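In order of appearance the chains are A, B, C and D, and numbering begins at 1 in each one.
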Amino acid sequence: MAEGDRLTGSPTEVRGVPDFVGRPGPSAYHRLNPLTKATSATVTAIAAVAIGGLVGPIVLVTLAVIGPALAAGVLGRLVRTALLLALPIAISAFLVNLFFFPGAEQVLLRIGPITATAEGLGFALEILVRILAISGAVTLFYLTTRPADLTVDLERRGVSPRVAFVANASVQTVPAMVERAGQITAAQRARGLDTEGSVWRRVRGVVPIVGPVILGAIAEVEERTMALEARGFTRPGRRTLLWAPPDSSAQALFRWALLLGLVALIAARIAGWPS
Amino acid sequence: MAELRVEGLVHVYDGGVRALDGVDLAIAAGERVALIGQNGSGKTTLVRHLNGLLRPTQGRVTVDGADASSLTVAQLASRVGLVFQDPDRQIFAGTVRAEVEFGPRNLGRSGSALRAAVSEALEAAGLAGDEGTNPYDLGQSRRKLLALASVLAMRTPVLVLDEPTTGQDARGTERVRAIVEAVAGEGRTVVAISHDMRFVAETFDRVVVMRAGRLILDGTPNSVFAADVWDALRSTYLEPPLAAVLGDRLGVGSTPTDASLIERLRAG
Amino acid sequence: MVVRWIAALAAFIIVILIGMVTIGNFGTGVDPENFFDTEGADSFALIGAIALVFAFVVYAAVEYAQTGGLASIASQFDTRTIVLMPIAVAINIILGATVANALKLPIYLDSIGTILVGALAGPVAGALTGFLSNTLWTYVVPPPFQNGPAAAFGIVAVVIGVLAGLAGRAGWLRPRPNRPIGELAVGGLIAVAIVVGLGVYAYTRFYVETFEFVNPDNTDPIFTILGWLIGLIFAAFVLGFLWLLFVRRDLTVAYVTVVGVVTGLIAALISAPISANVFGGVTGGGTDFLVAAFRQAGADLQTATFQQGLLSDPVDKLVTFFVVYLVLAAMARRTKARFPQGERLLEDAGPADADDGEWRRATA
Amino acid sequence: MAVLTISLAGVGYRYAGATGPALLDVDLELAEGEVLGLVGASEAGKTTLCLVVSGLAPRTVGGQIRGRITLDGEDVDAWPMHRLSQRIGTGFQNPATQLSQVTSSVFEEVAFGPMNLALPRDEVVARTWTALESLRIDDLADRDPQRLSGGQQQLVALAGLLAMRPGHLVLDEPTAQLDPAGTRLVGDAIERLAADGASILVAEQKTDLLAAICSRVAVIDAGRVALVGPAADVLADPRLADFGVTEPSPVRLGRAAESAGIADARLTEALARG
């Protein structure tokens, strides 16, 4: 056999890249280039902060989040996920600003030493809408883009394969590590660690659980490193990609337009316009 | 009175997987029981009910006559010690000795009793000389023996081992066998999940075979590895030990271990 | 080589100047006149952090133009570091989410992975780990772990990674066990001096006007008590760690205490303007109650978030650096030694295996 | 004359910061199309020898090496790892740590190696299908690598190596963590590769598996090659137990019968047939 072909004979019939690799999304919005969706999410979030006030972010959300979500058919899930994401912050933000807004006179409500003020309410609403805008924009991206699609697109544009590797591997490591933490908790409980007792007993359980999660993962680093280097990982420079998400000059133009618009908005805000 | 009793045990995982489909099993004190069967046959799910890590969907589990559902995992841990298959899922202490002390300390043991139990466990696992070593400086096979020692030191009436010989060499397997013999010798119960048919045939006096969440065979190695039930074994991806195959081929009856085959040949 | 550093330095200075001029009045209530006042101080730190990132980008661009590659940076990214980073990102996100969402503790515990990679592989690797952790935590990680504000604080994580890398490189995280009592006492005193010094400076600069610890009639009594309580907790934490110095007889605990508190202060400086201006001082974690307390005591939004940061961040980074120190101590020696900065974390550097006779290292 | 492909002459290795060497004066050859089995007690040096032959020690693992390693007569000391990995494929014991964790399908996982080599896309795809077909797992191409059994994951890792088109395979205890079904799955695959003329160095505790696939076997004890020779002779050598190695079942049974004075023709004939 020719040198190098020792282990595998010639392929029976030529088969191309299977269709499940880079399968296009269900809707037009899904099929947009990942960088376009990432840029619009980031610009929407920053713009919501820069515009401030109440009406601005609401209009922004309707245009940049609700509209596309409807088109992509993910509005239901978007609302649920975005609310779940925003809830912890929104509640705290609302309460803190409502009751603790300094220098406010118009007292709406007084409960003992704490007073709810109109100015506080106004600011609280502003922060609430801003937080909803940010989590809406981020959730829209999360629901319509596979992380691997964004990293392969960035890699095509010249981002180092190593950075793309870390991003992709992190996405798979988080759920794997949560599962590992569950197994470790079971193993320690089997050795008498009481995780159902008082708070103090549970705090004592932190080291026997967090310890193996970290040390167990680090113990695997050695073998993972060797396995990667045994498959040519150390070869410098770009690598071949099986596919790359489609992009168009129109989308590229749109991305630049968004960025320039954002810069202009921030510059205007800093210059004190419109107040 | 049975030390461990499982009645009509059913367990359905939240994904809908019916891992146990009505299991009845009684294990007396001092018995040595091997639990074998293909991965996914429900072996690990069953043993996790013995120390309360899993609670039954239907049916009952009793330990020393007490219903396990009335006891917390921490309470059951003083009765049923469970050694997990992957040592890296539990090791956290900086030294071998500290890792072995973790279990007994949780059970409230201290002082000379604790020190004796720990030293004895380390001795049995062949780690007596490594008390101050960092567990992660040990090789994979000795870390597995460390995990075994860390439960052994708890001196629980019931000791459950999940694939103790996987990844061990000849000397490691021999050490595990010696530990099972010693623990059973003290009248304590040993239950082990294993795929090593020779280790099972030579070390355990009762073999329970599982398939798809049910018990399909339960008896001495002689009965479970006899030729007439080989198709049942193969239905759960198990091959009888070579000694049993030869015993059948030479028509000298059921000979699950080398010793039993030789003895039958010498008598024949 | 020098050209790159000059270009990077120039970029750093230019960005700071632009920042001071434009972001001086950071959108809401920061007066350019009292630039070095409370609000100005923390904006300045944020501008410095952004300038640091710009300097790095310029450095990389110049190196790329000169050599067509990024060897000096890439060398910190051997396969072992690349394999460790996703684990570090996952540790940040899982522990951070558990503390913030589940336990509502007034600390974050979301930079253990960042500091671990920084210490083992260097400032740039630490910075990238921090940046990716925060970005992925918002954009990519599914609920219940997803955290909205994390991406905005990416810059803070970058700086924490750099500081951890420098601490590791300087050998400060190298164990120094069994030191005589005298040495421990001196180390302990120096650490206390630094921490108390910073504490007093921070108190006089950023707390005195609005938060009268001493006379309760100026503010509501509950907040004076709360103020004393928080001050005591902070002091307890610092003294507790210094006590560990004598229990473990390991001088490095003093180093870890100082590095932890200093990193915490810098992180507070940078995160305060972001928290104030982007999220109105509230990020959903346990720290929001502190902000509320300071707001009720009459501090404006900017100051309140800053005062909260000055308390939680140093304690959080103190705990985090100590956890990382314990993890490094528990790691197998062989594994640690193989990381780019691994040698500097070993207790005794040990005899470098000289290439004597036929024994030789890898050439490729 | 058999083409001498991998040969180690007086090779020693010591880990960084270790007290003593893990490998001493190893002379070993892996000829074209040969399957060399490696046995020995835990921590005797099997894994270290595998890492040295594959080049991962000292390149990736650090430490220091001595002696000379040649591939088809050429000294490989100066070769970088990504060049060596195209001539020698290395498999490990734990299936999970061999997955790259950056792919969502078996096809992309097996293509990972060739993609790193920046080969033309069509060749990457061709090599990937060929590797999957040669191990008969092309039906798993669309599956999520994390959701497979241990045996299947080990086959995917093996396919990932084959896609690099190495001339040689070095496998460190491939079935150590697998159940009987997985061991049979991987054992059969290695047997088919050996039959196709692949040269393989495989370390294993399960000597029954080695007896079926190896032409030669070497015994490692305390970092030295204590014994090497034709598989049948070495695996029947009475000193195996002293080296902490379990003999294959037929050898063990035959010896037990002999020592019990049973000279039963039918037994020896049955043992021969296995």
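The criterion applied here is as follows: contacts are C-beta pairs under 8 Å (C-beta built on N, C-alpha and C of every residue); 3 or more make two chains touch, one makes a residue touch a chain.
Since the model is a prediction, treat every value here as computed from it, not as a measurement.
Contact with both subunit C and subunit D is made by A, B. Between A-C and B-D, more contacting C-beta pairs join the chains of A-C.
Relative to subunit D, the chain whose mean Cα position lies farthest away is C. Centroids of subunit A and subunit C (each the mean of its C-alpha atoms) stand 22 Å apart.
One finds 30 Å separating the Cα centroids of subunit B and subunit D.
Averaged C-alpha coordinates put the centre of subunit B at 47 Å from the centre of subunit C. Between subunit A and subunit B, the centres computed from C-alpha atoms are 44 Å apart. Shared interface positions of subunit C, i.e. residues touching 2 or more other chains, are given as 79-80, 86, 330-335, 338. Shared contact sites, meaning residues of subunit A that touch two or more other chains, fall at 165, 169, 172-173, 176, 211, 215, 219-220, 222, 224-225, 228-229, 233-234.
Multi-chain contact residues of subunit D, defined as those touching 2 or more other chains: 59-61, 80-81, 93, 101.
If you sketch which chains touch which, every chain touches every other chain without exception.
Residues 40-43, 93, 149-150, 173, 176-177, 179-182, 205, 241, 244-246, 249-250, 252-253, 256-257, 260-262, 264, 266-267, 270-271 of subunit D touch subunit B in their complex.
The touching residues of subunit B, when paired with subunit A in their complex, are 48, 51, 53, 72-74, 77-78, 81-82, 84, 86, 88-93, 102-103, 106-107, 136, 150-151, 154. Residue ranges on subunit D touching subunit C, taken from their complex, read 12, 14-18, 58-67, 77-81, 101. Contacts from subunit A toward subunit B in the complex involve residues 180, 183-184, 186-194, 196-197, 207-208, 211-212, 215-216, 219-220.
Residues 329-335 of subunit C are the ones touching subunit B in the complex.
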